[in-house]
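Each structure below appears as structure tokens.
Each of the two complexes below includes chain A, the first together with chain B, the second together with chain C.
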Partner chain A sequence: MGVAVKIRGLVKKFGNFAAVNGLNLDIEEGEIFGLLGPNGSGKSTTLLIIATVYKPTEGDVEVHGHSVTKSPDEVRRLVGIAFQEPKALWVDNPYELLVWHAMVVGYSFLDARRAVREIMEELEIWEHRGKLFSELSGGTRKKVEIAKLFLQKPKVAIFDEPTAQLDVTTRHKVWDMIEALKEERRTIIVATNDMAEADRLSDRLGIIYKGNLKALGTPAELKDRIPAGDVMEFSIEGQAGEHLLAALSRALNTERVNLTNGTLKVYVNRAEEKVAVAIETLSKMGVKVRSVSIKEPTLDDVFFYFTGAQLREGR
Partner chain B sequence: MRPWVIAVLSYRDLERFWKYKWWLAALVTMNLADLFIFALIFRGIVKRELIPDYFLFLAPGIASIAAFAAAFTIGREVMMELRRGFHHYLLSLPISRLELVFGRIAAGMVRGIIYQTPFLLLLLVLLEPPSPHGLLAMTLATLMIVASMSCLSIAASTLVKSLELQATIRSLLYFLAFFLSNVFYPESVIRERFPEQLYVVIVNNPISLATSIYREVFIPEMVPPTDISANLAKLAIWTLFLFLLGSHLYVRNLER
Partner chain C sequence: MSLKDDLRALALVAFWDVRKLRRYTFFLAMRFSWFLLQVLVFGLLVANMVSVGDLDYYKFYVVGAFMAVLFSMSMVKGHDIVEEFEDGLVDYQLSLPVKRKVLAIGRAIGGGISAFLHSLPMLIVVVLVLGVSSLSAVLALALASFVFASSLSGIAMGVALILRSSDRLDILMGVSDSLLVRISTIFYPIAAISGVAVYYYLAKVNPVSHMVDALRLIAIPEEYQGSAVSSPEVILMFLAGFAFTAILSSLFLLDRKIEGGYGR
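Entry: the complex of A and B
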């Protein structure tokens, strides 16, 4: 599989402020790529450049070999975007808006009507079809926005925070729909602040901070990259003192070992490989282990780590 | 350029235009009433030897103004889109910038045509039907006046970001179109009353050009003979100029 979206030296300035600041990133064909980053880190700006809405200040983006600066018309034929803020005028009605969208992206008049009805029923917004956009709830507006992409099915589908404002049931449904889109051999980019969403959907993740890429990899890889990110928890019986903690620290090559109320916590990398050594060390010291559990870091931890915040203690 | 895409683009604008159909009908009625009242008042005042029938003299000018006013409403749409960020969506659609521009201009044109039709129909009913040549000239004049006014309003609306300013500009242009044009008075009067340079500006602005053509087509006996082809050519130059201006400003101000 090739590269679907190739971002090189991308800079986007608004006045003197660089919202995107020298970004390099390859998004593979057919993957779901999650873009994470704190508010204002430049996610939306980057996506808008891929969709040819903004022009880069410096650098370039290629979509299947077409440059957004040199052949934007070709890029637009391959890319579709569902915006973070639903795009409609207050007097638009959702049905007319979607039918129009379908026709612009190539449906015939009749096919557009049929397809729009299907997608609106699937997202459970058919009953709202005749309302004004100003009368819709926030979640319904968002559904109308993402419905556009499910109609369009572009080669590269960009979702900017697709499930923000959606209820739990709908979130899961939309995730399923996004995965189904991937099955149709589309490349999907999802910007999100929702770690559950990123974990569930992403084949690979990129974390950007202040317009720059801070980390890139599969969710599992990123979790492994947090120093001492795994926690082994032992519930123990018997004598345990400073000498025990020191011994464990030596055996497992970690500074972070602590004991509170009979629960021993050891922070390491790749805990699954080290748990045997830990138990052996404990039993040598005459400590009986009643139960063991291993906790991997969550994506929240990954996010904190790569965006400069502290890893939370005492999970 | 795919004509079908341009048609789809303007379809949305027309849907929106149609939402204001009652407002529109009221406006047409009011304009028509204005026309009658003006004409009735001035009929008695204006010298017969200057203009034999002021009502018939005024009607073609009102048709131009009507086209101008309706085509100009597209600018308001464009500005609302800019304010609500809707233009980002338009820019992301799988269409070229030129198609987008043409779509918007076409929408303004259709608005102008829809609105102007009752006025032209009125003329066709009241007067002898013009020759095929005359009809062709009328059609071309209509297409060009609505195109140029649509472009002008798009240019204006992407430049000013406030609704109030937009309305002010519209009123100002309206005012200019009314008073610095041949809609209300014959060219001989304009030549007499205004300095030479201003006279040239007045008779060569798009509204006056279109009005001259309509008059030549519908009431040739009431106006001194004018060269329809020359007027059509001048109108074409205006249209081209305003098209280049409007499309350039539209794309430049939408893209950042």
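Entry: the complex of A and C
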């Protein structure tokens, strides 16, 4: 597996403002890559550069070896994007728009009609096929927008907040469909603000903030990178004093141990590896453990850590 | 990608504008009524008051009125594209797996087809009023109208994409409409304006003069031979040069300068 999208020194300025500011990133062939970041952090701008809609101010992006600055026509044959804001003429009806799209991306007229019907039925928008776009609900518009990409199946499929306006059932369906697309050996990039989506879909995640990459890794790796992000909770019986807390702190190599109302909380990395040591330490000191639970940090915690933390400290 | 794929993409892109035709019924009905009024009432009145040598001013006027319609129908394509980029549709089209050159030419042709189809009822009136009877002349008129509409639409869209603002476009369109149409041979024969040097030379180099006179040379060749802005050969060369420059510069602009992010 090689690199599908190679981003090097990417800068995009609007006037004096740098929406993307020196971004470097490799997206691997065949993976689902999640791009996370607060509003205005430059996710959409980056994706639009990959899709050749915007031109870089500095730096370059290569898609399967083709540069967006030197051979954009080649890049466009490999990349497709479902925009954050659905795109259609207000006089369009979804069916005609999708048939036109399907034909532009290579279907024959007959195949286009068949494939459009299939995808519209799958997304449960077939009944809306003849309405004007201006009459559709926000969620339905979004479904039409992502239907374009499921028809197109480009080598590199870019979804910009694919489920932002969708109901719970549809979100799960769309996630399944995106995973099915990956099974067809496509590379997938998903920008999102939704941690559940990022966690569920991404093989790897990048967190960008102010146009720069702040963190990169699998969801599990990123969670592990939060210092003492896991919490072990013990509900205990018996005597527990300062010496107990000190012993635990030493054994587990963490400063953050506290006890309130019979609940002992220990903050560590990789709690799953340390819980045995903790229980051993406790029983040596004559403390009985009634129950144990381990809480891993959520992606929310990861997101706060890599963006929120800097929001407060940075500038 | 093969030439066949490019041509297929070209046809699909051109079809984009044709698809929008149905929204214009009211607009078209208005334009058509106004055109009939011009040709059947206003034109006859003016023709009685004006005399320019042996030229039948009424016939001259009818073709001019048609060219004015074709011109403004093509300029409407500039406004259309503004609407599209405000809705993000230009961004959408820029992302499609279509070569930029194919996209540019396809949109120009699509704009041309739709401006031509919009003007077709008027063209039929012109043919009937002037009594153009040879089939080849009718076809030549249609073809020339289509080619002019395509180049004018292409330019209108290109200008709109460069200006990136509907206000600026409105101003420019207003100015160009009045200048290009007024300072041309659309309503006044070149001989009639030879007295005012600036006016005369501007009309002489105005592509719109060449377009309308090309139409007249096709529609009423015998009567018009001596009154045109230039000889038929020069007109043909001028228009070919004009189309060539227009296409080259718009392709260059689209490749190098035009990018998405409109309406933000």
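Just so we're on the same page, the second predicted complex is superposed on the first by the 308 of 315 C-alpha atoms of A that agree within 3 Å, B and C clash if a C-alpha of one lies under 4 Å from a C-alpha of the other, contacts with A are read in each partner's own complex, and residues count from 1 in each chain.
Keep this in mind: a residue touches a chain if its C-beta (ideal position, glycine included) is under 8 Å from a C-beta of that chain, and two chains touch if they have at least 3 such contacts.
As the structure is a computational prediction, the values presented were derived from the model and not from experiment.
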**OP:** After lining both complexes up on chain A, report clash or fit for chain B versus chain C.
**Re:** clash
Subject >> First, second, both or neither for A:V277, with chain B first and chain C second >> reply: neither
Original post:
Where does A:A251 make contact in the superposed view: on chain B (first), on chain C (second), on both, or on neither?
Top reply: neither
Original post:
Should A:I294 be classified as contacting the first partner (chain B), the second (chain C), both, or neither?
Top reply: neither
Original post:
Where on chain A do chain B and chain C both make contact?
Top reply: 14, 48, 51-55, 72-73, 76-77, 79-81, 83, 85, 87-91, 96, 100-101, 103-106, 152, 154
**OP:** Using the touch definition up top, name the residues of chain A that touch chain C in the complex.
**Re:** 14, 48, 51-55, 72-73, 76-77, 79-81, 83, 85, 87-92, 96, 100-101, 103-106, 152, 154
Subject >> chain B residues within the chain A interface of the complex >> reply: 5, 8-9, 11-12, 15-16, 19, 80-81, 84-86, 88-89, 91-97, 255-256
Original post:
How about chain A: which of its residues touch chain B in the complex?
Top reply: 14, 48, 51-55, 72-73, 76-77, 79-81, 83, 85, 87-91, 96, 100-101, 103-106, 152, 154
Subject >> chain C - residues contacting chain A, complex >> reply: 1, 9, 12-13, 15-16, 19-20, 22-23, 84, 87-89, 91-92, 94-100, 259-261
